[in-house]
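One chain, chain A, links the two complexes that follow: it is found with chain B in the first and with chain C in the second.
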Partner chain A sequence: MEQPTASFPGLDRRSLLKGMGLLGAAAAIPGLAACADTGTATPESKKSAGKASGTVRFGLNANAAVPTAGYDSVFAAFEQKTGIKVRTNKLLYTEQINNYLTAAPDDVLIWNAGYRMRFFAEKQLVSDVTSVWDQVGSNISEAVKQACTAKDGKQYLVPFYNYPWVTYYRKSVFEKRGYAVPKTLDELTTLASQMKRDGLTPIAFADKEGWEAMGTFDILNMRVNGYDFHIQLLDGKESWDDDRVKSTFDTWRRLLPIHQPQALGRTWQEAAQALGQEKAGMYFMGSFAVDQFDDATKEDLDFFPFPEIDSEHGQDAIDAPIDGFMMVKRPDNAAASQSLLEYLASAEAAELYLKTDTNDVATAQNVDTSNYTVLQKKYADVIGSSKNVAQYLDRDTRPDFAAPVVLPAIQDFLKGNGADIDGITRSLQSQAKSIFAS
Partner chain B sequence: MLGIPAALSILLVWVPAFMSAALSLTTWNGVGGFSAAEPVGAENYRQIATNYPPFWPALQHNLIWLGSFLFIATPIGLLLAVLLDKEIRGTRIYQTAIFLPVVLSLALIGFIWQLLYSPEQGLINNLFNADVDWIGDSSINLWSAMVAASWRHVGYVMVIYLAGIKAVDPALREAAAMDGANELQVFRQVVFPSLRTTNVVVLVITIIESLRAFDLVYVLNHGRNGLELLSVLITENIIGEATRIGFGSAIAVILLMVSLGVIIPYLAQALRKDPTS
Partner chain C sequence: MTSVVPELLIEEQRPPAAVHPARRRRLTFARVCLHVVLATTALVWLLPLLWAVYTSLRPYAETARKGYVSWPDGLTLQNYSDAFTQGELPRFFFNTLIIVVPALLVTLLLSSMAAFVLSRFAFRFNLLILLILTAGNLLPPQVIITPLFQIFRLVALPTFMNSDGTLLNSYWGVFIVHVAFQVGFCTFVLSNYMKMIPHELTDAALVDGASVWRQYFSIILPLCRPPLAALATLQFTWMYNDFFWALVLMVSGEKRPITSALDNLRGTFFTDNNLIAAASVLIALPTIAVYVFLQKHFVRGLTVGATKG
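Now for the complex of A and B:
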């Protein structure tokens, strides 16, 4: 979904234009698509990194200060090294990704790993980047490599960084009240009851835009049923009306009383404020949430991975979405794109970038972590020690299933306080069946 | 002289509309040209009706939206126009205040009301020390959105009616008053009948505004959880990452049918009569 890249997804001009699109849009898209449909040749061999030159056009998918400044410094260093210029395009293309990839105004673009990458790889809208992986692959972990590999066994994404979904808390509050970090579900519920007695909302919670609570579903499903089942389910290979899925929802239903109520009317930023103002004791969110706090509060923040629910799975899985780079089907400057991608996979590029972005950690393994903040070091540890790394629900399943189907189903579940689990899972399965069949 | 606009309208409106209708009978993900679209007959419509939970609520919300604009917001606009026509003290200030929301985009209005409605930090809950989840509670959020949308629509309607009322010949009203008609009678027998053309404009605007509603709910909560509208479902299926273009086109065709079903009978009836009678 709109993983917040510091811009509010609702107010950019394009979102509003979409509203006016309605009928016209249905017919406008085919025109665009038809223009660029001329054969499906793979790009020329890109082994010629040595004589690459010219300009690479780069789709940034962001216009806020935090990512752009970091990339600017990376590209400046790259130009100094190779003489290749990088021209950035600050268009926000997440919600128009199909049109964007078809028209391909850029050579290289930022995108996400997992199903969200595979979907476009299978549609043959992007090039495989195995030749980049040949150069840089030894520096990247196997789990990350899997997330960047499509069904044909080739890599289509060069990873850059990832960030974990964890439970944040304030050290000062835990110290003052004598709370201990919970390791199991029982410890979590005991702690939550104590917090309630102390007048705190145990877990801050929001689902106004609908993607936020997908993180809670992911972690509960992975804790209850394990990573493999979770991924199979999102891949359309397991059934949503399976008892195991119902068991996940049922666990969630029992945990709802320790979550902040009325989540559907609250933005994730407002939920973060509840933790910041010490009205809530914990907050389960992606690490980008840290930007919501002032410096003093940031100092006071700590986190733990979501507690164990079933000892068979322990705490062996985590959502840590990977962002990286894809190359369009027919880049104008394939050689320069190749050398840019190789540079971006290097520790040097990651170190430069992460100077301006302290919520993410590099996927390059030989990166120098001495400049990491305390939290960043801990993020790296938590992700590194997790046996399985998932990409987040809307990156691990089909885009035409995540937002149109799962998102409203979870909102229905929250709206009814978990009342109609059978009805919700039945409807999910019947829609999954029709969508995955197409 | 009408040839060029007519040709443009056919080319840019009706051809795409028919193409949408054709696409609605296929399944297509927008990649690989029209030839990649697989015909599936009425399957998309069947799926929409039987296996797509947001559809029926969205249709219902569109109709509620239309109903409340027609029967609540528009009459309030007319009432305000009549009151402001009386040249009461400070009428300019009232006119400006009521008209002001009209110059704001609905997206901006969404943001303004979001600040009012937010559960913990919002003005309304803090002012009245209430704990109402205005946007998150799906049993009331449609009405929260309607208040915000009407806030703008009332001003719009008011200005159009005000202009219409000002254009009524004062001699007619004076004559009616001389004949002993009270204010209500003057309005019903003299002013309102001479507003026929204004009524057509207002009704068409009201219908269009309510069926194309999108930006406001999109800003409030992306048109989910009680704020589903047909326009939102179309966008989500066609333009977002999902690109179920055939499926989305089918919803678009349904919205087109609803629009035509409401507006054609009205226009046919309203324009048949001689407006100067």
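Now for the complex of A and C:
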């Protein structure tokens, strides 16, 4: 979910993109990545040691306060335990993952599950970590394991945490105005019209960067057509101009009037602000949205899973993307990387980390949740009680389809206020056909 | 003469005000328009900068609550100290120096040599060579990034030059790119300037037995001090401001120069824009200082050699 631009550098970082953009998204991916699988050994000597010791280099994917502090405490504990040092590379590589993995300056890196991982596994830019899974696998649920497994049946990602996409609201506002948490679509629209009468925008909404509204598509499609259809569709096995997809878009079209208008000009942080300022009543977003609020507002936040649309599917699915760790193809220190990954999969590491990052919940099953915040406990409940857990649109489908095709299609849909659903689904299908055939 | 000029100016300014009130009003109206336009333009240019400064002085929690267009409850320098500690700005400033200072010196040295030969000696291909150097400047550098990335990845460096053992992810790589892309422009400017230096100077030196090297080093180069100063100012700003090359060619956060390092302060989702505004202001200061104090060179850098002597 996040920066949609993972394998599609052209979207967001305008400067970099000028360059990569010229090559076109599709060209850029093979462009930089292809050369890596020619088997040309990089000049770095990749040695593997027998006994784990020395230093592991770790790609941290940011120099921002939130992940850094948590990982620092995890690595300090790891060093104390094993004597292995972890050297962090605080580099935001999300939007340059091709360059980054091709150059491979680190041994272990933070990355995402699903197609986001599979793509690089198939490009052979990362190593399989089945030997780590042999040690830690019993502590991880089968659904999470699936998300960490590539087409060849091997695991390429060691999961760390996930986080749900839910509808946030402010307890004080609901209490003051006597609103009730909606369980069904009808209740949602009734509540929304009440909010409108009370001068509130019912649902804060943003799609400036293009990935934000994918979450809304996911949840609507899963509620209307069910998880299985959704996943098949994103996997290229169902048609986008199917009536079922049209009915998802049509539901969305009917819900657009209760969303904040002109979403394409608004970042998710600005949309969150509308909830913070009590101008909007609800906000459907990933749990990272909580970072946007000051402490008093955080205390006042609560959430509910998106209401039921079709009773056949109820509220049985949710987007809860998994983040974890990959190991590059030829790590400098394979043995130490392996023990670092094993440690990171442990409940102990997750507990340490989640103290500083309270938007996420651990994927390790034996984690002690007593230190979780109120919201964290509820996240864990909501994910745990969902029969199906999806990864988010841009992780559940090919990266060369998600950002270059679905993203602008959804933006077109929003721009036209839901007009021309037939045209949009037809164009989606024709592009899906050629991309999934390749 | 020197005493006459100021008086003439004063005379010209004063009488219209006193003697022709009608003319003055007309002038004033035109001037008001002019100043309104100028002030508006200046404001439009300054607004983003001033807004960044204003944003950088406000805590994130406050702007998240009230929006960026709002009055502050209180201003704080906290973002600046965070940028220094959490953003590790001093280290990245140092990285910039490691790249920019040698690149600047080498660029000027190489381009002055090339300009000397191309402008002071007549041979069949010198115009062609100059054209090629200049044409290279017209190529958008981003176009070659993919092949460059691959080449850099495959070029081995001894580990004492770069611990990764490749040209990729090294200071050398960015240094080479800067030199390569700036030599063309500098050669063009310097050769135009050198053409204006009378040939008699080097002819006389030749008669006295000065070698080509001597003519370059002892005669032409000292005379080129003005364009060299101008180019140094301009080039420093350009290389300092570069965001693109290090972003693509460096994959270790700690090696990046200051501009590209700024990018890492964003989170995967959450970005503290106020912190980034503070860091951006700090990063802009050196270029602003260079511009304010060396303005004369700056303008000359853009115009030197523009007229044919």
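Note that the second predicted complex is superposed on the first by the 388 of 438 C-alpha atoms of A that agree within 3 Å, B and C clash if a C-alpha of one lies under 4 Å from a C-alpha of the other, contacts with A are read in each partner's own complex, and residues count from 1 in each chain.
Just so it is clear, a contact is a pair of C-beta atoms (placed from the backbone, for glycine too) under 8 Å apart; a residue touches a chain by one contact, two chains touch by 3 or more.
Note that the structure is a prediction, hence the values are computed from the model and not measured.
Enquirer: In the superposed arrangement, which partner chain does A:102 touch: chain B (first), chain C (second), both, or neither?
Expert: The answer is both, since A:102 touches chain B and chain C.
Enquirer: In the superposed arrangement, does A:353 touch chain B (first), chain C (second), both or neither?
Expert: Neither chain B nor chain C is touched by A:353.
Enquirer: Touching A:90, do we find chain B (first), chain C (second), both, or neither?
Expert: second
Enquirer: Is A:294 contacted by the first partner chain B, the second partner chain C, both or neither?
Expert: second
Enquirer: Touch test for A:61: chain B only (first), chain C only (second), both, or neither?
Expert: Only chain C; A:61 stays clear of chain B.
Enquirer: Should A:273 be classified as contacting the first partner (chain B), the second (chain C), both, or neither?
Expert: both
Enquirer: Using the touch definition from the top, say if A:407 reaches chain B (first), chain C (second), both or neither.
Expert: The answer is first: A:407 touches chain B but not chain C.
Enquirer: Once chain A of both complexes is superposed, is A:286 in touch with chain B (first), chain C (second), both, or neither?
Expert: In the superposition, A:286 touches chain C alone.
Enquirer: Touching chain B and also chain C: which chain A residues?
Expert: Residues common to the chain A contacts of chain C and of chain B are 15-16, 18-20, 22-23, 28, 94, 96, 99, 102, 273, listed in rising order.
Enquirer: Please output the residues of chain C touching chain A within their complex, sorted ascending.
Expert: Counting only chain C, the residues touching chain A are 61, 64-67, 86-88, 140, 142-143, 145-146, 149-150, 153-154, 156, 164-166, 168-169, 243-244, 247-248, 251-254, 256, 261, 263-273.
Enquirer: Show which residues of chain A lie in contact with chain C when the two form their complex.
Expert: Residues in contact with chain C: 2-3, 13, 15-16, 18-20, 22-23, 28, 31-32, 35, 40, 42-45, 60-68, 89-94, 96, 99-100, 102-103, 105, 268-269, 272-273, 276-277, 286, 288, 291-295, 297.
Enquirer: In the complex, go through chain B and note every residue touching chain A.
Expert: Residue positions touching the partner: 12-13, 15-17, 19-20, 23, 27, 29-34, 47, 51-54, 105, 107, 110-111, 117-121, 133-138, 141, 212, 214-215, 218-219, 221-222, 224-225, 231, 234-245, 248-249, 252, 255-256.
Enquirer: Could you pull out which chain A residues touch chain B in their complex?
Expert: Chain A residues touching chain B: 9-11, 15-16, 18-30, 33-34, 37, 94-99, 102, 116, 123-125, 208-210, 262-267, 270, 273-274, 399-400, 403-404, 407-409, 411-412, 415, 427, 430-431, 434-435, 438.
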